[in-house]
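Below you'll find the structures, each written out as structure tokens.
Presented sequentially are two complexes of chain A, the first with chain B as partner and the second with chain C.
On to the complex of A and B.
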């Protein structure tokens, strides 16, 4: 815990690489954003009132405690004529904490898919540690997601402001947020258990894993117990999880479950295919009438 | 302690003897024509003692199909986990299946003539693939590996499964009926080729 005397506001700088601004947009939906921001001095953010100016930021005359970077790293990209590598070196070196906001900054994400030979995350290119901030990787917290879940960034900034240590996994994602799978807390779990698949999107019934491409059982994310906008999640609203928090995102054919002769190519994490097929084959034997129809008739 | 271990081993052996005797009788005489006294007599035990091992003929019938499924599944698993190519795995499965048909014909006969023909016996407790799960799962693993490695064409599982196992079952049936003019093993190579050619990527 930070002591009372040290509770002066932490200085935060938020810069962008190759990005769609999705993480900024998501963060602006955080329900307690004003309270959280009141604990920080926003030195610079492209979309929030800031205490410094673009000129000072890009002439490398500022400093911060927390450096948030949104978007993929492109070694050839310049912001206000300054190479991203120079911005990252300056602000990354002097900050105490570096947050990769979203999958592009964490692993390369969507923009790595469009230019794999150039774009990467800050530490990782997929799972390979070849990003520009690998020499100072201890400071980097990856908050993958496309976009970032506002609560996950809210949690991380609150923990930093309170002086708490954040435990991370091998991909530098906070364990508190990424140790579960998106499958946990999914309201469709009963359909998963009995192998009843959903024939369409946007309905409450059926599991989306079998035909609709859902990656929930293979994806580290707490989307189904830290709900989006405190209300819902993709799977709850009838859309498959795309596995956007994992280093292999984006995969191809996001709405299709890859199968080999009707057998899922990927099975739930940590379960052998043999064990899964045995369990699934037995479960599928039984027809559970209650799970076959609509929950509420049209 | 030693006595307890010995008693357990003896009981397991006696159970195995019942399974062998029952497989033989069921596959020759049929499920309904075979009685518990017939089985007990073949094993050399009293009818009363038989019930210490199986509570009914139906329970024994279900145990037998689990036994056969595990027996086949273990052998296909060994093939799946070996270093063979998909084409070689097909040949190995065909060889294994025909070898069992020749050496332990009662196992395949039981599957074809009792399990598939007396569904009412297996309705409660052996629904769907429950009692043949070990065997079917290994065939799923085989097909999954075959498609993943780029050797087999992606298609519906049961279409491929039926082609493979239906073909083998048909040949073993013809063998059992003594219709085949040549020994069963002479058909292994052409049948393996046919299966591979029917399933492979074109």
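On to the complex of A and C.
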């Protein structure tokens, strides 16, 4: 029997395809997890206490308002003996909202490579709309990222619970989370502005876009605005952005910037190559002593 | 034969029980999912392994990152281009590895063991799973201060780490660790961490009314001190400040070398399993916190082992106690980091490197081995052997693996066996990477 208070709660089911469980574990980092969970009845989740049972879930006897799916879709895969396609059809059809948690469920991601000819995300295979839930694509919210950022899921579940409409981009990602680039808020921005590259890994000085493979200026992600674990980000800790929220993740040669005639092959999003080269050329003519050496001398 | 489908672990597993008079006569274990991580790595630039292998596992990906970094460094050495790390880089790596273990153990205590133990003993005390999530999030906050994020950081590279932290970040991380220790003392222990670490006997738990004491008494109530025995053979392969490599047979220690580690196909007649069993010189060994406590002679766990052998009780208590040991270690390390060293000593361009290397670390559940072979910086071959392949292999009745042996017994019911299975802290996603 559901209690009086749980009657008003939205019902949530979380299932998994081809995955590492990274999205589940990332979500558990959410600082307001208890408050958020108090607004939901967790019908089924891979690691949180659930009101339903494995048996009921996999005999397709349950229902939910919000259906979260983590991992890539593989048409041959069974979870507890049930084909993913049957799980997706049942829970996808009856839910009001479907959330693809992470890049695998959004685009195929890392585990598209497990079986490239079969695996995909729920709607998209990369950017192609050939996934199993394309007939009900309007219900699907993609929260790409490898893994998902806990606050991106926290935002989405809160918005749904509040009854707010979530505006999305053409890849079904919430605009409030994915209109930023990973570059926004990067602590190395001054170096980017004046085209000073990082001489090597392991130093806080310099921009990682010119040689170290950073995808920050081309990647829709609010990692440097909504910090990871509330404290940092890849670029703040000296690692390049690998573009893990985009449909082409994982790319190849992730620690190296592909260049043509020593100019990055991919220029910042929305900027024409010509505009970029002109601006970069001008910026580079200035020698800025402050940005040449270490910020703090030993 | 009856089948139990286990999910709500890290992934999914099936256990097939042969029962005799309602007791477990034999059990085989199948892991049905496979992602082909090793073949994904073949043909990739070697550095990409540092991004790909953490994605083997959402809960211990950081251990995979460190094993990868060490494997690449060993390949440099194999090519006569030895890579040296500064003490700072070594210490930061070790600290973040420990912090990942701590988050793992908290989740296991509060999200797995306490609910399962309550079910077994019929306890109706309210459960507090979110305590585990909160404690884990404090550990990962401290970790992310160095690694940028958790899960799935790639901040270790051959030659060191990418972060160039100042005392500002160090002090902040120390604050998170202090907060976590306070939480552990108040919410889990009912006493101070210092006091807890002086425990030498089961009786020491009796003085407190706390989560940890309730686990200890619950295990006794559930008879876990008299069942769940494996073969009393332990192995540790990672070399760290908090443990050291050793093979422990009952209580005697012997030296070990990774070259004797191999894998064999698992025996799973009832369902296709993608798992391979890990062995040392053709024999099965238990790995993880219990093994580490045996190799480092932790008095409390040695004492429990003396009284209750390698029962499910001792196994659970070893992981619980290791949480305290690692917290103390993390606190010491974060306080004594010297930041003046370089974070990274840039090695030769990896595209010039051809060679073989092995990286070994202790992950939350035991030794994690990465073996790489590269030619001019491209991965030709990659092999990953994970701790759960040791603990939860599936073999024939005459030569059972630790988990099989622990579940079998003329005093062990199926419900008890299912609990015992979880005392190994099952990671299915790692097992069939």
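Here is the rule we use: the second predicted complex is superposed on the first by the 289 of 298 C-alpha atoms of A that agree within 3 Å, B and C clash if a C-alpha of one lies under 4 Å from a C-alpha of the other, contacts with A are read in each partner's own complex, and residues count from 1 in each chain.
Going forward, a contact is a pair of C-beta atoms (placed from the backbone, for glycine too) under 8 Å apart; a residue touches a chain by one contact, two chains touch by 3 or more.
Since this is a predicted model, take the numbers as computed values, not measurements.
By the touch criterion stated above, A:273 is placed in contact with chain B alone, chain C being left untouched. In the superposition on chain A, A:282 contacts chain B only, with no contact to chain C. Judged by the number of chain A residues each one touches, C leads among chain B and chain C.
Of the two partner chains placed by the overlay, neither chain B nor chain C lies in contact with A:291. Contact with chain C, but none with chain B, is seen for A:234 once the two complexes are overlaid on the shared chain. In the superposed pair of complexes, A:82 makes contact with neither chain B nor chain C. Once the two complexes are overlaid on the shared chain, A:262 sits against chain B while remaining clear of chain C.
Those residues of chain B whose C-beta lies close enough to touch chain A in the complex are 77, 127-130, 133-134, 136-138, 140-141, 143-144, 146-148, 152, 154-158, 160.
Those residues of chain C that touch chain A in the complex are listed here as 5, 7-8, 10-12, 32-36, 40, 44-45, 47-48, 50-52, 55-59, 61, 107, 111, 115, 127, 129-130, 133-134, 136-137, 140-141, 143-155, 157, 159-164, 166, 172, 340, 342-344, 346, 429. Within the complex formed with chain B, the residues of chain A that make contact are 259-263, 265, 273-274, 277-278, 281-282, 284-286.
Within the complex formed with chain C, the chain A residues making contact are 18-26, 28-31, 33-34, 37, 46-50, 54, 77-81, 110-111, 113-115, 146-147, 200-204, 223, 228-239, 242, 244, 250, 252-256, 296, 298.
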